[in-house]
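Have a look at these structures, which come just after this line.
Each of the next two complexes has chain A plus one other chain: chain B in the first, chain C in the second.
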Partner chain A sequence: MHKFLALLILSLVVGCNNSQNLDNTNYDEPALPESGGALTNAMIGEPNNLIAMIAGDSASSAIAGQIFNSLLKYDENLGFEGDLADSWTISDDYKKITFNLKQDIKWADDEPFTCEDVLFTWKKVTDPDTRTPYGSDYQLVSSASCANNHIFIAEYDEPYAPALETWASLHILPEHLLKDENVNDTYFSLNPIGSNYYALDEWTTGQQVKLKTNPNSVHGRPLLEKKITRIIPDLSSQFMELIAGNIDLMNINPIQYSRVFPSRSELNDKVNLYKEMGNGYTYFGFNLKKKPFDDLNIRKAISYAINKEEIINGVLLGLGEEITSPYKPGTYWENKTINKISFDVSKSRELLEKSGYELNANNIYEKDGKPLAFEILTNQNKQREMTAVLIQRRLQDIGIDVSIRVIEWASFVNRFIKTGEFEAVVLGWSLSLDPDQYSIWHSSQQGPGQFNFIGYNNPRVDKLLEDGRKELNNEKRKQIYDEFSKIIYDEQPIIYLYAGYGLTAIHKKIKGVKKITPPAGVFHNEYEWYIPKKFRRNEMSL
Partner chain B sequence: MLNYLIKRILWMIPMLIGISLISFFIMHLAPGDITSNESAFNPKASEESRQKLRELYNLDKPIIVQYGLWLKRIVQLDFGSSFASHQRPVLWEKKDENGNIKPGLIQKALPITLLINLLTILLIFSISILLGTIAAIKKNKIPDRVITLFVFVGFAIPGFWLALILMYSLGVVNQVLPISGLHSIGYEQMSKLGQILDLLKHLALPVFISCLSGLAGISLYVRNGMIEILNQDFIKTARAKGLYEKKVIFVHTLKNALLPLITILGLSIPGLIGGSVIAESIFAIPGMGKLFYDAVLMRDFPVVMGILTIGSILTLLGNLIADLAYAWADPRIRRGLAK
Partner chain C sequence: MKKIIKNPMSLAGLIIISIIGVLAIFAGYLSPFDPNYININAILLSPDGTHWMGTDALGRDVFSRMLHGAQISLLVGIVAVGISTIIGIILGSVAGYYRGIADTIIMRLVDVMLSIPSFFLILAVIAFLTPSIWNIMIVIGLTSWMGVTRLVRAEFLSLKERDFVLAAQTLGASDIRIILTHLLPNSLGPIIVSTVLGVASAVLVESGLSFLGLGVQAPTASWGNILTDGKEYIQFAWWLSLFPGLAILITVLGYNLLGEGLRDNFDQNT
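Right after this comes the complex of A and B.
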C-alpha cells in the first residue's frame, strides 16, 4: 500500500515538474540531403481499404495516395500536371480527352503499366456491381478506349469541365492483379501493389501502417526510406508523442498552435509549425422551405447580426479567414470583388423591421404575434458547437430567440437533414479545387439524401451551374462562377462563417520542408524531405 | 444437481434469443445505417450508389426479415462480415481461394482486451484483499482511514485525466514508460523476452488506470465482510482455544469473507471482453471498446450484433459459473441444491 501511495504522490509531483528530458541536439544545424531514414506520423483513424474508390474514408485515401497514381495530379500551384500521363490534349469541341501515358514504367511487382490498366480501372469504377460512391463522374464518359498501349482516350457526350479533376482523383489499379478478383472484397485492398513512391511494407491492424520505397516508382525514389503511420485516436496522446520525439509530424489544433507552442520555447527548438489554408469551410445554413427563412431580409438581418470575426477569434483563436465564395481564398476561382457583409446591429434591426417585425415586451422580435425563434442544429463537433453558441448569443442580443441542439452524426443526417425537419444548421462543406458546385446548389439536387437539402432554388444559378460544367475555357468559366458566387452571397441562403487553417507540426530533424507553404500544401514536396543521419532515431533502441 | 445444470443451460436458449431480438431492434431503431456515414456528405458521392449499398446489405427489407436472416446465419455460427468497406469477417479470419487471410475483427481485438482485463482483475482482487484485510484488522485506526481515503480518491479521480498526467510525467518528462500504443518501433527485431517486456511496459499505465477505479468496491467488500465475521462467535472460539492470530485472520476469517467475491468474480466474466473506449483511445490500444463504439457510430450492424451476442453468452455463462462456484465453496448452498 505504501508503495502505491508513494508512486501516486511521486507521479503527481513529477507531473508538475516542467523540466524537459535533456535533448540538447541542435536541430537547426543545416545538413545535406541524404536518402534513408524513417518518418513517423500519426493518424486518428485506421484506413479501411486501400482501394480508394471503394473506401471513402480520409485515412484510406491518405495512405492509398502514397501507393497509387492517377493520370493527372496537382502541381504546387494547383494547376494540373501529368502523373501517369505524360501529356494530354482536349479536342476543340471539348468532348474528347486524349492522354499520352508514360512509357516504360512498371508496377511494384515488375509487370509493365499499360493503357489496359487505365481502361480496366474506368470499367471498374463505372461497373454497377462495384460498391463505389464515386461512379457518377465517370459514367459521363460515353466511351473509353486505348488507341495503343500508351494512349488512353475518354469521350464525353457533352463537354464536362470538371473532367480533368476527376482524372486526377482516380487511382489507377493494376489489371493483371485484379481482373479475376471481386474488387469489393479482394485481399488486394489490404495488400495493394501500386506505382507511386511507396509500397506497403507491413500493416499491423489497429496499430500502424508501414510503407517502404517502391523501387519502380513512376517519379523516382523519394529520399525517405520508410514511412510509419501510427494510429493514435486521441489528439492529446499524439501531441505527447510528438513532444517526446516519438512521432515526427502531426496535425495540431488552434490551442496547441497559438497557446502551447508560444509559451514553451523548448518545443520551438524541436518542432516547426506550418499554417496553410484548410480544405473546408463552416457555414450557417437556413432551411429555405420554412418560414421565415424564405424572406431575404431575415437572412440578411441574421447575417448582419453575426460577428464572424468574433467567431474566428473565439473558435479558431484567429486561425482562419472569412470567405465570400465557396473557393479557397487566394486561388483562381475565388471572387475577390464581393463586398463582405460585416457585423452591423443597426442594419440588422432595420432589415427586420422592414419585414414587419417589432420588438415585444420580452425584447424579442415578433410579427403577427409570432416571436422570431428557431433552433440551430449541429452535429457533435466541438468547433461547430462553439460557433452555434456564439451565434446564439449575438442573435439573442438583437432579439431573436435561438436554441441549440447537438446530435450524433448518423441521427443528424437521417432524422433531420434527409427529412428536411430542421430550421437552421451549422455545418461544413469542403473547398473544392474545381469550381463546379452543381450537387450543392442546383435545384434538381433536393431529393432525400442529396446535397441541396437547404432547398435553394434559383433558375439563374441553375443555368450558370449547367453552363459552368460545359465550359472548358478558364476565363469564361471564371466569369460564370464569379456571377454564381455573387448571387449566392447576395441571397445569403447560407452565411459563410469561416475557413480554418490547416495546422501542421513537423519535427525539425525533417529537412527539405518548404519554408513558404505552396498553395498545394505543406506535403506537396514530401518526396524531397529527408532526415540527416545524425538526427535519425535509433530504431532498435526504442 | 445434474438436472439443475441441464435446466439452467436449456433456459439460456430462449434468453439468448430474447436478448438478441431486443438488441437487434434497438440497434435498428437508431436513425441511419452504414450508408449515412461512409461518404454521406461527400458531394461526389451519389444517393443512387448509397441506395444500391442498402439493397445489397438487405437494409431496405423490413426489420423482422433482417432479423430472420441474421438468426439463420448465427445458428450456423456465421457472424458475417463487417459492412465497412474493408469487409473483414466479424469473428474469425477467413481464407479466400488464393490462400490470403483476412483477419477477423473480434479475433484481433479480443486478445489484447482480455489480457488487459485479466491483469486488471488479478491486480484489483489481490490488492483489494490485502487492503481490505489490513483495514479490517486496523478498523477505525489510521491505516484503515488512509486505505479508505486512497481507494476512494482512486475511484473518484477521472481516469482520462490521470492517464494524461501520468503519460506526461512518465512518458515525456521522464521517459520511463512508453506513451501510447502496444509495441515499440522495432518490436519485430526484439528477442521473445524483450517483446514480452515491451508489451508489459506498454500495458503498465492502462492497467494501472483501470485498476485504480476498481479498488474501492472490492476492498470495502473485503473489509466489511471481515469485520462482520470477526465479530462472530466462532472467531471468539478460535481465539479462545489459543490459535495464532495469523491463523484466525487468514484461515478462519478471510476464507469466509471471500465467499461473496465469488459472485462478483462470476459477474465480471462478461466484463472481460469489454474495453473502455476512453482508455483505448488515449492509449491507442486497438481493443474491443473502440471496436464496439466505432461500430455503433458507423451503424455497422454485423459487428455490433456479433459483440453483443458474445457478450450475452458470456454473461449467462458467468452467472451460471458464479452459482456453481458458490455451491462448490459453500456447503450450505450445495446441500440446498441437492434437495
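Right after this comes the complex of A and C.
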C-alpha cells in the first residue's frame, strides 16, 4: 500500500514537471502549414441531435455545421457564396431562385449528391410532421423542383427578401439514408453522414465528440485532422482547462479578458485574444399587456433612469456598445440617425409626474394609492443578473420599487415567458444578418412559444415588416427598416442595454487565425487553421 | 452551563457561535459600507485597509456583505430548525406515547421522508415556490423533522415505562400534562443536541440553495450567493470564494462542536 502511494505521489510530481516543460515552448515561432493534429475545444452542453432543423440548440448546430453543408454560405464579408450550389440566379420578378448545384460530389458514404437530396430536405423541413421551429421560412416556397440532377428551383408567390439567408442556414440531408426514416427520431441523428469538412469519428456521451476529416468533403481536405469538442458544463472549469493547455480555444468573459490576462504574462505567451462585435444584444423588456407598462411615459421614464453606460462599464468592463436599433453597430442596417436616450434623472421624474405619479412618504412614486413597483425576471446568467442589480439600484434611487428574480432557463421560458406571467425581463436577442425582424415584432407573433411575448402591437410596424420582407432593393429596404428602428426606439417597448463584444481566446499553437478579424468573425476561416507538428499535444493522453 | 464550559469541545463551539452571532446581530453597526452599495469604479479589488475582504464584481464591499450574509444564514438556520423541532416533538410525542396505529402511521411517514434524499426534495419544492428566505426556512423546516421525531419517540418509549410516569398516571394526570411535565423535560438533552446539529445542516442547505441560485435573491447577500458570484473569478479573485467558504466552514464547525460536546455531557449523565 505504501509503495503504491509513493508511486502515486511520484507520478504526480513527474506529471507536474512534464507540463512545466511544455510551458517553455515558444509558440510565437513561425511555422509552415502542415496537415494533421487535433484541435480541442469545449462546449457547455451536449448536442442532442445532429440534424440541426430538429435540434435547435447551439451545441447541436455547432457540431452539425462541421458535418453538413447548406446550398449557400457567407463569405468573409457576410455576402453570399456557393456552398453546395456553384452559383444561383434570381428571376427579374424576384419570385424564382435557380441554384446550380456542384457536380460530382459524394456524401461521406460515397453515394452521389443530387438535386433530389435538396428537394427531400425541403420536403422534410416543411412537412407538418417534422418537429422543427424553422418550417415557416420554407413554407413560403410555393413550389420547389429539380430541373435535372443539378439544378434546384425554388419559387415564391411573393418576393421574399430573406430567402437567400434561409438557404444558407438549411443543412442538406442525404435522401438515400433518410427517405424511410422518421427524421424526428432516427439513428441517423446521432450517426450522421454529411458532405462537409468533417465526419463523426467517436462520441463519448457526457465527455466528448470527436470529428475526423471527411475524405469526400465538398471543399477539399482541411489541415486539421481531428476536432475534439469536450463537454465541460462549467465556464470556470473550461477556463482552467484553457490555462492548463487542455483545450485550445474558448469564449471568455470581460473579467478574464481585461483583468486575468493582463495580470498574468505567462498566459499571454500561450494564448492570443480576439475581440469582435458579438452576435447579440441585451435588453430590458416590458410586458406591454400589463399596467403600467402600456403607458409610454412610464417606459420612457424608466429608460431615462437607467444608466446604460454604467452597465457597460460595470458588467462588461467597457467591452460593449450602446445600440439604438436591433442591428450590429457599424453595419449597413443600423439606423445611425436615432438620438439615444441618455441617463437623465430629472427627465425621468418629469415623465413620471406627467403620468400622474407622485412621491409618497417612502420616497416611492405612487398613483391612486398604488406604488410603482414591479419584478424583473432574468435567467441564471451572471451578466444579466448583474445588469438587473444595477437597474434595480438606479430605479430605487428615483423612486421605483423593483425586486429581482433569477430563474433557471427551462422554467423561465415555460412558466413565465410562454404564459405571459411576467412584468419585466432582462434578456437577449441575437443580431441577425438579415434585417427582417418579423418574428420578434409583428403583432401576429404573440402566441405561446412565439417571440413577440412582450405583446408589441403597432399596425405601422406590422406593415413595415411585411413590406420589408418583399422588398429586394437594398436602398428601399434600408428606408423601411430605418423607419421600423425609429418607431421601436421612440416607443421603447424594450430598452436596449448593450451589445457586448465576443471575446475569444485561442492557443498560439493554432496558426492561420487571421490577425484582423473579418466581419464574418474569427472562426470564418477555421478550415485553414493548422497546428505545426512541434506544437501538437501527445494524443495518447487524451 | 458549567458543563459546557468544562468540555473544551463545546466551549470552543460556544465561543465560535457567540462571535458569529454577535457579528450577525450587530451587522448594521459593524459594516463599514452599505452591503448593496454598488461602485463600478471599485470592481474586484483585493482585500486592503478599506475593503477588508475585497470587493465583488459590482464593487460592493465583501466584508459588509459577509456580515449581512451571516444574519441571513443564522436566521434561516435557527428558524428552520425551530420549525422542524416543533414538528418533530409533536409527532414524536404522539407516536411514542400513544403507540398503536398513530405510531405506525407516523413512523412509516418518517421512513418515506427519509427515503427521499432531502436536498433534492428541497430543490424540487423550492423550484415551485417564489425563492425567498421565508420559503426556504419553511421548506427546510418541513423536510428535516424526521430525526427529532425518531429521537423523541425513542426517549418516550423508555421513559413511559418508568415508575414516575406510572405514578402520574395513577394519580389521574392528563396525557398532555404527563407529556409536557414529565416526559419532555426528561428527553430534552438529545433534543437540544439534535437541534444544535440541525442548525449546522440548515446553514449548509441554505448556502447550497443560494449557491444554486434558488435561495436568497439578489441583491440580498448570503454566504451561498457570495460564493456563487465568486465562482466565476476563482482564479483571479480568490477572496470572493475564500471568505464565504471559510465562514460556512467555521459556523458549521462551531455548531457541530457544541452539539457533539453537549452529547458527551448528556451521555455522561445517563
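The criterion applied here is as follows: the second predicted complex is superposed on the first by the 518 of 542 C-alpha atoms of A that agree within 3 Å, B and C clash if a C-alpha of one lies under 4 Å from a C-alpha of the other, contacts with A are read in each partner's own complex, and residues count from 1 in each chain.
We adopt the following convention: contacts are C-beta pairs under 8 Å (C-beta built on N, C-alpha and C of every residue); 3 or more make two chains touch, one makes a residue touch a chain.
Note that this is a predicted model, so its numbers are computed, not measured.
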Subject >> Which of chain B and chain C A:V260 touches, first, second, both or neither >> reply: second
Original post:
Which partner reaches more residues of chain A, chain B or chain C?
Top reply: B
**OP:** Could you tell me if A:N313 is touching chain B, chain C, both of them or neither one (first, second, both, neither)?
**Re:** second
Subject >> First (chain B), second (chain C), both or neither touched by A:K336 >> reply: neither
**OP:** Once the structures are superposed on A, label A:E408 by its partner contacts, choosing first (chain B), second (chain C), both or neither.
**Re:** both
Original post:
Looking at the overlay, what does A:I243 touch: chain B (first), chain C (second), both, or neither?
Top reply: both
Original post:
After lining up the shared chain so the two structures overlap, which partner does A:A388 touch, if you call chain B first and chain C second: first, second, both or neither?
Top reply: second
**OP:** Jot down the residues of chain A that show up as touching in both complexes, chain B in one and chain C in the other.
**Re:** 236, 240, 243, 408, 411
Original post:
Which bits of chain A are touching chain B when the two form their complex?
Top reply: 1, 4-5, 8, 11-12, 14-15, 17-21, 38, 40, 46, 48-49, 54-57, 60, 128, 131-137, 184-185, 187, 189-191, 204-208, 228, 230-234, 236-237, 240-241, 243-244, 246, 408-411, 413-415, 429-430, 432, 439-440, 447-451, 537, 539-542
**OP:** Can you check the complex and tell me which residues of chain B touch chain A?
**Re:** 30-33, 36-53, 56, 81, 84-87, 96, 98, 100, 102-103, 108-109, 127, 130-131, 134, 143, 146-147, 150, 164-175, 178-186, 189, 280-286, 290, 297-299
**OP:** Quick one: which bits of chain C touch chain A in the complex? Just the residue numbers, please.
**Re:** 36, 38, 40, 43-44, 57-59, 127, 130-131, 213, 217-219, 229, 231-236
Original post:
Mind pulling up the chain A residues that touch chain C in the complex?
Top reply: 235-236, 239-240, 243, 253, 255-256, 259-260, 263, 310, 313-314, 317, 380, 382, 385-386, 388-390, 392-393, 403-406, 408, 411
